[in-house]
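Chain IDs A, B, C and D follow the sequence of writing; residue 1 opens each chain.
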Amino acid sequence: MPETTPPYLRLYRTMQVIRQTEEQLAKSHQRGLIHGACHTYVGQEAIATGVCAHLRPSDVVFSTHRGHGHALAKGVTPAALIAELFGRATGCSSGRGGSMHLFSPEVGMMGTSGIVGPCILQAAGAGYSFKLLKSDNVGVAFFGDGAVNNGAFHEGLNMASIWKLPSLFICENNQFATEVPFKYAAGNPTVASRGAAYGMPGIEVDGNDVLAVYEAAKTAIQRAKAGEGPTLIECLTYRTRPHSEGMGDFGYRSREEVEAWKARCPIRRFAEKLVAESLATVDELAKIEAEVQAMVVEAQAFAENSPWPDPSTAATHVYAQ
Amino acid sequence: MPETTPPYLRLYRTMQVIRQTEEQLAKSHQRGLIHGACHTYVGQEAIATGVCAHLRPSDVVFSTHRGHGHALAKGVTPAALIAELFGRATGCSSGRGGSMHLFSPEVGMMGTSGIVGPCILQAAGAGYSFKLLKSDNVGVAFFGDGAVNNGAFHEGLNMASIWKLPSLFICENNQFATEVPFKYAAGNPTVASRGAAYGMPGIEVDGNDVLAVYEAAKTAIQRAKAGEGPTLIECLTYRTRPHSEGMGDFGYRSREEVEAWKARCPIRRFAEKLVAESLATVDELAKIEAEVQAMVVEAQAFAENSPWPDPSTAATHVYAQ
Amino acid sequence: MPELTFMKATLEGLTEEMELNPRIFVMGEGIGKRGGNFKTTEGLFDRFGAERLCDTPICERGFVGMAAGAAMTGTRPIIDFMFADFIMDSIGEIVNQIAKMQYMSSGRLKMPVLLRGCIGIGHSAATHHSGNYYPLYSHFPGLRVCVPSMAADAKGLLKTALRSDDPVLFLEHKSLLNIKGQVPTGEHLVPFGKAAIVREGRDVTVVALTIMVHKSLQAAEILAKEGLSVEIVDPRTVSPLDIDTILESVHKTGRLIIIDEAFAPCGVGGDIAALVIDRGFDDLDAPIRRLNGTFTPTPYSPPLEAAVVPSVERIAQAIRDLIAE
Amino acid sequence: MPELTFMKATLEGLTEEMELNPRIFVMGEGIGKRGGNFKTTEGLFDRFGAERLCDTPICERGFVGMAAGAAMTGTRPIIDFMFADFIMDSIGEIVNQIAKMQYMSSGRLKMPVLLRGCIGIGHSAATHHSGNYYPLYSHFPGLRVCVPSMAADAKGLLKTALRSDDPVLFLEHKSLLNIKGQVPTGEHLVPFGKAAIVREGRDVTVVALTIMVHKSLQAAEILAKEGLSVEIVDPRTVSPLDIDTILESVHKTGRLIIIDEAFAPCGVGGDIAALVIDRGFDDLDAPIRRLNGTFTPTPYSPPLEAAVVPSVERIAQAIRDLIAE
């Protein structure tokens, strides 16, 4: 539930969990422990963190190929995530999914998708359920700027708006879809202004400022729960690692640009702010960082030591029961 | 090519051709001469007429289930249209298409579609061809308000905009998709304002005023040919017959509303204006009306007397050559 | 048992299930107050209200995608497409999302989505309103595909679908909608994957799908007068497909022909033929034949349209030929 | 003849045709400067410029729909989907527009659209990047479907596709992209609907598709050491399907097995089986068998993924079993 004072240390911890897990995954990718694609969330941590801080397990999240951060912020453990990417039976999708198919309905992580677009529709659909069931849950879609020019965005936002569904549409505008700049791909290069086309508030926030995201999400959730309908939030951000681990990175953007954004690291910025405004001490933050580090080391060991799934289960659960 | 003075009498004639052909078709539907669906264009004549007046055979039109008016305005003869709806070999689609699949590429009528949406994309695609071929043709999509909430609208307009394609997007907002009001179906109930989402001019015109449509189309075509990109034109209008011949009409709208719109008949209004402003005499208009009537009577006879297609040709032309 | 049309039978099944289960809702174009283009939801709007009979904009992909999200969060959406042709814009949501969600979540998510629409050639509906798409859906794991031919089965399968946690394609041939049949009142469930022998016979097994069941029955009448005894099997669902019933029948008759309005290539008939030749090789006294709709988009004009669909006479002749083989 | 990878062979064919025909252009995500996710357009951007190598937003339905309009107005679009899975959002444009346009216009419009994308299971790509969709496309009239397995065929079919006025699905198994083969330079056209006998044999006919051609060749090597003589037919295109070559082979061997990574139901194997049993009934000395990928969404984890694909060993065993039948 929206709180009056943001849970500063919890936000900090979540961002640390994401960052450190991602860095661990990047290393594991180099070691060949990850078998398929691996799209990290480094640089965008503030977004999943700021939004998911408001969500209960019964609130649901639908996400994309770049979904590790959402899964972690929603409550999937680093161990379950890492094990999934290692293809182990203990992974959050029992090894069936890998990086792009993270499922943990127990905590409201309803899945990431390797196809761009569907998460938007699914979050609208969840909103429809919640409206019909008269529950006060919300459905949240996280998606990239690349999804904005897709028909799913148009159809999903329009329906969510006309039926005033309790849904949030969080666009993480990291300015590129793989290597294609959003400025090139979109006739109108601001996402937030697209809300108007659907009669929906469109809010632009600094996606590297966790408190800004937190506040925007808070307002949107209040709106959703009050039956006033969905909100589109554009979070301006940047991914500071390549599109996918192992891919080249400087054919379409410059090292300088990447470095400039690294300097705007949402975690460092937040830490500085907390200390500067005496909301936390350097020691408190260091302690969190160390705790998280221990957790990630343990998660890594857990994943590496986890068993492979049993090949005889390869075709179970295609149908119910 | 855009002219300085609108071709008043030609516009009047085209509207008459559409109206009279449609009324003939409505009668034929009652007589059982039309085998499938029949969506008439009565009330919307000014739109096809005003736009197509600017088009040469090499400019292309893509249309919808409600496409009779576009076909006629683009140069398909009433005989070829009526014969098509009668399922005859002499029809513009050799009897293969009926009301919703009208093809006459010779005159730039590239087809109507029974599926809502594709015409928008095809007109953008034609624009891409023309750009690549460096021809000065334009691609035009006519579509209803119902298509505006469809992903094809979003994707097609965005791409046409970013590549500055010579395409026109003509939305005939007759306020209903079958029986569903546009106001209900759309989060933002003006179509023209949607242009902004794609960085494209969005123009609203009175779709029952042929000169207004004519002028808007003229500007849009100039823009397209100058390489400045596409235009979205919303033509506010109303269909005064049921969605499809034989369907009920007053479960979702009132007789009064229909009558009020009948009073705004684009043909009568235009005739009155022409006479009032001494741009034509009553006699001139009556003569055109009579000529058209004769033509439609002849077309009807032609269609009724035309041969059926040969069943042995039912599967020819599935593939080329 | 009362006589009902196919359409009324599904309406009865739907009404009963919506009464029983408040989580069921319907989405589609004109399925609210209008009651559906094919009267599939007639009267339900007044009974259940706008939230459970939700009129949509024209955005098939969008609302199918929403159905996935809704099903994952505790409700049971029915998407009423009117014409199944309109589903094509949402194949991505069906094949890559809806069909895969249970598997990818290792069974932790259920996917109780019912997708219904009218299929089939007839009434000069022309090529955008005439498709038969069950082979497409049957090819993909994770989906159930119902193709009832009889009013009672339509009701029974619809009710089964609305109690199943699997996504179901429920495809109704337009020309069946007004066909009448005896329909059990109340609780009547037809299981998935259980074929019906709609006519018993000795000389040949005819597997017929949807409208072709009725045409085959007429052909069988003609052939009976010629002394030929035709057994007709209606699979009722094509995924799962009840191959055992077909094999038993072929074991008895030694001959098999599949009659299907849908296109032959990569169709249900090929599948049946392959399964029978694999498992019932020694039972076969003659080649397996298929009679399908012509491999062409559907034309509008009545004589052309008639030419692309297997007629009673062509069915009868194909059966005669096979028996003579 | 130079040795080229499959990927370089298609790139060579594409480059040659783009040189010859200025109306050809390519659309897709990252196919411009980046040269394609699978390097399918490497170097072409510099050679032909941005208009002919057009990077798109992520809106597959949109640009496939545009391709239809472009093809109708004098250009020849190639849509490069990278993964064929992404095509699913545009099935409506393919099945209801592109495939039907020539027919509906009675041949007055042509539809020279090439739709290419990578298919197939492997490399832990998981379920949204692993589909084999050729059965879906083969079911619908109006489309051509190429599934080459060899570098030379890939080039030859691609060039044929780019001179055909029909819409073509060109589907490349990811695991083939780096396989090498002798590829004729310059003019080299492989016709649609002509199968290749990739290995001659006496005891059994194996029809194998895409990657399974290579696995079947390996299996045949193993079996040769056991004294079994395996003939392998690669259809190369599945629509049209060259059934005559298959029938001739079966006439010789008396036995048929179809090896296909794609799902069995409503697949190409069923179609082949049905055609062979219909036309070659008397040639068959044993049941027809199919060995397909398991009927399940594709899992990510290596041991699971391996379990759902026919392996060389399973192929060899299936052939042995059939010969023993």
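To be clear about the criterion, a contact is a pair of C-beta atoms (placed from the backbone, for glycine too) under 8 Å apart; a residue touches a chain by one contact, two chains touch by 3 or more.
Bear in mind the structure is a predicted one, so any value in this text is a computation, not a measurement.
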{"item": "Count of contact steps on the shortest path from subunit B to subunit D", "value": "1"}
{"item": "For subunit C paired with subunit D, centre-to-centre distance based on mean C-alpha positions, whole Å", "value": "30"}
{"item": "Rounded Å distance, subunit B centre to subunit C centre (Cα mean)", "value": "36"}
{"item": "Averaged-CA centre spacing for the pair subunit C and subunit A, given as whole angstrom", "value": "40"}
{"item": "Separation of mean Cα positions, subunit B and subunit A [Å, integer]", "value": "46"}
{"item": "Residues of subunit B touching at least two other chains", "value": "93, 96-97, 101, 113, 115, 117, 149-152, 154-155, 158, 162, 184-186, 318"}
{"item": "Two or more partner chains touched - positions in subunit D", "value": "56-57, 59, 61-62, 85, 88-89, 92, 96, 103-104, 127-128, 141-142, 295-297"}
{"item": "Chain contact graph, described as a line, ring, star, complete graph or other shape", "value": "complete"}
{"item": "In the complex, subunit A residues that touch subunit B", "value": "149-155, 157-158, 161-162, 184-189, 193-194, 196-200"}
{"item": "Parts of subunit D lying in touch with subunit C, wherever the complex brings them together", "value": "61, 85, 88-89, 91-92, 95-96, 99-100, 103-104, 127-128, 131, 135-136, 138-142, 239, 241, 263-275, 277-279, 281, 284, 286-290, 295-297"}
{"item": "Subunit C residues touching subunit B - in the complex, by the definition given at the top", "value": "29-30, 33-34, 37, 55-59, 61-62, 85-86, 88-89, 123-129, 294-297, 299-308"}
{"item": "Partner subunit C, residues of subunit A touching it in the complex", "value": "60, 62, 93-94, 96-97, 101, 103, 105-106, 110-111, 113, 115, 117-118, 120-133, 137, 139, 151-152, 154-156, 158-159, 162-163, 316-321"}
{"item": "Subunit A partner contacts - residues on subunit C that touch it in the complex", "value": "23, 25, 51-52, 54, 56-57, 59, 61-75, 77, 92-93, 96-97, 101-111, 141-142, 144, 164-166"}
